[in-house]
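Common to both upcoming complexes is chain A, partnered first by chain B, then by chain C.
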Partner chain A sequence: MVERIRREFRKRDLCYLGALLLLPLIWPDPHLHHLLVLAGIYAILALGLSLFLGYAGQISLGHAAFFGIGAYTTAILTTRYSVPTFVAFWASAATAAVIAYLIGRPILKLKGYFLALATLGFGEIFLVMVRESRSLTGGVSGIFGIPWFSLAGFSFDTYLKQYYLIWGVLLGLLLFAKNLVRSKVGRASLAVATSEDAASTVGIKVAQVKVGVFVVSAAFAGFAGSLFACVMSTASPEAFGLSLSILIVMMVIVGGMGNLYGPIVAAIFLTWLLDILGGYQEYSLPIYGVILILLLIFFPEGIGTRLGIRLMYLISYRGRKKKREEVQL
Partner chain B sequence: MTPWSLIPHLLTSGITIGAIYALVALGFVTIYRASQIINFAQGEFVMLGGIITFFFLRGGGIPYPLAALLAVILVIIIGLLLQVLVVYPLRKASVLIPLMATLGASIFLSNTSGLIFGTLPKVLPPFSGERPLEIGGIPIAPQSLWVLGATFLLLITLYILSHRMLLGKAMEASSTDPLGAELVGISRNLMVLVAFGVSAGVGALAGIFITPIFYTSYNSGTLLGLKGFVAAVLGGWGKNGGAVLGGFTLGIVESMSVAFIPSGYKDAVAFVILLLILYIRPKGILGSPFIDSRRW
Partner chain C sequence: MPLLAVKKVVKDYEGVRALNGVSLQVEKGVIKGLIGPNGAGKSTMFHLISGMEKPTSGNIAFRGVDIAGKEPHEISGLGMGRTFQTVQTWGNMTAVENVMVGMHRKLIGGILSCGLWLPWIKREEKEVLREAFGMLEFLGLSAKWKWPAFQLSYGEQKILEIGRALATGPELILLDEPAAGLTPQEVQALAEKIQQIRERGTTIFVVEHHMGMVMEIADEIAVLNHGELIAEGRPEAIRDDPRVIRAYLKGTVYA
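Moving on, here comes the complex of A and B:
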């Protein structure tokens, strides 16, 4: 077991973990705690989408809907049927996964723009359903008074406690994702992303792999949605629109495709950016649009990836330069 | 009143909105045929066309036709800028990046419009009088006839442009075989630029025609754009005729649905149709020249 843990975490990772544990204690600012809680929730979402987008190479612009399904499942179960939040947490992920399976079979036959549009359409349908089935979801105003997340009598009722809860869940899911990526399914999904034809010729069941990854990534979104409902204690349709889907995809792109740590860092970065932009009132969204475009033009492979390559290039360039100088001497 | 007695009214309003969907769909198809890019900011051209005309007419006191002309020119310039500043730098990226960039442009355009022209919904006066014409006992707003006539004219213009003129053929050539087109002296970038200009112009005209009938606000472009895309897929992706047929079909079905299901669900109808058509017949009603290519 110890050996296993040692293999899983290098020293560097332990440093990150320590920093995450201590950060809110060193900096006891409730606003920062709240931001980190939000960033953690988005990071769970982005991690899930990263499996689908980065590893399986498929596009989804409907992940906000799975997030919403998770949030509404928790909201309805806890407020209407007073189910414990811990049970609702798992039920949310299960609901999101089942719905993802049902729509995944037909939708995932599509590729590229058409897949993007179909998932986007699914998101819009979800929003309309939520707004219109008022008896179940409370319509436009949503559901209020969702209880705090509680486990065995311990209630996560401050931002600090929620911070540890969410980053704990994120850590667990990250371990799961890391193992999944290295498993047979993970390697198969990488093959599918590279070339579906080549993958199917070596015996990978392409459709099955795609649906499987889609379901897992929807379950991640379901977990995130459940936590979001508990933290915000409300669920209303505005929170689960197209703009959230765009934001999550941006997190994965900025973090770098095919990378599990990237989306988490990008989630923190973009949450912080949105918070700063929020200070500019009505100018915030136009600026946000411009920043999105600039990020895509200058860092289409993610800030981290590009940075790594650039650093390596720089180092090798200096190395070559040194060699050249030696040769000249 | 039974649902059936509403049908004639719903049919006329469905045809009107269908014409608008058709124009938006034509915009998508024009850009796609030249560049294989789907411009998700297409709906914003429509919104900008209506709102800029309103701004010139009410704020500047410029006569109606001149205001409309100025708005179309401005939107075409915005479309060209979009191509130069956003799409051109990303011409070598994979599908996802231009898609997200045009979505980012859509966020920028709609919110900037809200910032400059205000967030209240706007409505233009009709082109020729408010008094509805009675045709066969059904009142029809004159504006609907304007919309239909304009759609018909634009369709013919685009048909001539893309099938009967050298420019249209060059645009199509640069899309089907970029290298070959470059070899015979067609500048691909110029063709994509022209396509963005044309589609922005068509979008702006759609916006000017629709604003007297439906309120246009700074954020109504996105949904209109998406429905136009659905229309283009429904009719047969990549065909001008398909875009028009899909537009009218979608408009009529969506409008008719109000008689049978609660009106709040109206916006979901288009997307349910989309999912069904993608599942059952992805190449659309008329079939698509692009759909059997491997990238789909």
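Moving on, here comes the complex of A and C:
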């Protein structure tokens, strides 16, 4: 069943791709384009965390910090040193990855609640450092005037262009993540998530696997942060706080653990929902809480593995036909 | 030099002395049994040998290397595999993937090369898939290679766990109660498989309550009782040893 759904996906990947390309053209509303841009950025974040949380089974409540590290790296490099955005984009991911490696080595020895607390602490320390080192980060007010992302003279200066840029990057990272999960890295991650004992007795270095996946997911967040800085043209600390970290975790849980498409679907869904709830920002944490509880009650395996796949499966004609065959059997 | 030499090993848990100065050896190429009543310390012995617990005192040498302070993955790298008393397969992976995890160390790809799915990663993965499938064929599980492990029967999962341990290419494999929970037919098939594994060159150290099977396949048996070694020898000798009968075999029905 699971395997068949996976095959279905492969066949229909092209259709989704076509739909993604056409969507903003069919619906030329700048607000929608902007939302899709944000959704794409969150989807990159969720995709990265999905590897760490959904596959390797480790919690991180400080992921917004890597997003922030990416954004500030790009902000500082482009505004202070006039580094091209394309170079800053890679430098952002590299910086996030290096920092993830350095803090991952010690804190990934922790498990469960302790790991949650340590990563949460890391996120808070990041915020304090950003606020305090004013000369570098502009303190509370942040950095302004970050240039649009540009590549070989082409500037991504409208929401529509940014949409294609960001969903293009998302697609590339999705392919990377898909390859990772079907390789030894994905198998080792799942093995570590289920039983560290069993994994270590077949020669897997548990600590190395965890740090490796953590670094990858931080690099994804670094890419997302860099794109975010270019899209918003500013970087300021309040964008990278605990509520974002929790939002990313929610996207993965709602999207479904051990699944790459689900978190992307969840990122779009939650971005849209937050836009609707935009007027109630001060209540965002309780609202997230309620949404999370409702979703976990009704879709305990995540919408990705239940609703999302189920829906896509049913929508397609082949899916319906197969369904009928199954019923007859 | 014996393949495995355990010397005067003591293991204290809080308030419990699980092993009290046990010494034993496993020679290369044999099937050695480890028996004893519940709580005798058999699983504890396996945890110490495989590095999952550290002995309180004493030492353990495997292939001439002192392994008492080493991590499980290092000991695995030296050529030791094991299974668990309560089955620990990876339910969310397919049967063949479970075996492929056992081949983790044979794959040299890193995160970047795997993520980019470079041509040699593709070849490497294909190779390992073929090898893992071969392992399932040997174990009689190849028809279910694509099943998620949680859908296999208990007995099949126990076999799969052995396959995963064998996939690491071990010199020595520790089996903790492989026959527990199996049907009589499955036990018979398991006994044959264990003998075939030995013929393929892997030494076997097996904890088992199923006396019929141990007596049939083991070349030598060690008996633990309350953390102490009370007897060691050939199966016939063990069966007739009065101390063993008093401590353990009394009332055992030979299946």
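Methods note: the second predicted complex is superposed on the first by the 282 of 329 C-alpha atoms of A that agree within 3 Å, B and C clash if a C-alpha of one lies under 4 Å from a C-alpha of the other, contacts with A are read in each partner's own complex, and residues count from 1 in each chain.
The criterion applied here is as follows: contacts are C-beta pairs under 8 Å (C-beta built on N, C-alpha and C of every residue); 3 or more make two chains touch, one makes a residue touch a chain.
The shown structure was predicted, so the numbers you read here are calculated from the model rather than taken from an experiment.
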item	value
Contacts of A:Ala116 with chain B and chain C, given as first, second, both or neither	first
In the superposition, chain B vs chain C on chain A residues touched	B
Touching partner for A:Leu180 - first (chain B), second (chain C), both, neither	second
Chain B versus chain C as contact partner of A:Gly168, first or second or both or neither	neither
Which superposed partner A:Gly278 touches (first chain B, second chain C, both, neither)	neither
Contacts of A:Ala188 with chain B and chain C, given as first, second, both or neither	second
Partner chain in contact with A:Val206 - chain B first, chain C second, else both or neither	second
First, second, both or neither for A:Ile59, with chain B first and chain C second	first
Chain B versus chain C as contact partner of A:Val216, first or second or both or neither	second
Common ground on chain A, meaning residues reached by chain C in one complex and by chain B in the other	none
Contact footprint of chain C on chain A as seen in their complex	2-3, 176-177, 179-180, 182-185, 187-188, 190-191, 194-195, 197-206, 212, 215-216, 258
Touching residues on chain B, where the partner in the complex is chain A	38, 85-86, 89-90, 93, 95-97, 99-101, 103-109, 111-112, 114-115, 222-223, 226, 229-230, 233, 262, 264-265, 267-268, 270-272, 274-275, 278-279, 282, 295-296
Chain A residues touching chain B - in the complex, by the definition given at the top	53, 59, 103, 106-107, 109-114, 116-118, 120-122, 124-125, 128-129, 131-132, 242-243, 246, 249-250, 253, 282-283, 285-286, 288-290, 292-293, 296-297, 300
Residue numbers on chain C that touch chain A, as the complex places them	50-52, 71-73, 76-77, 81-82, 84, 88-93, 97, 100-102, 104-105, 107, 109, 111, 114-117, 121, 125, 128, 146, 148, 164-165, 167-168
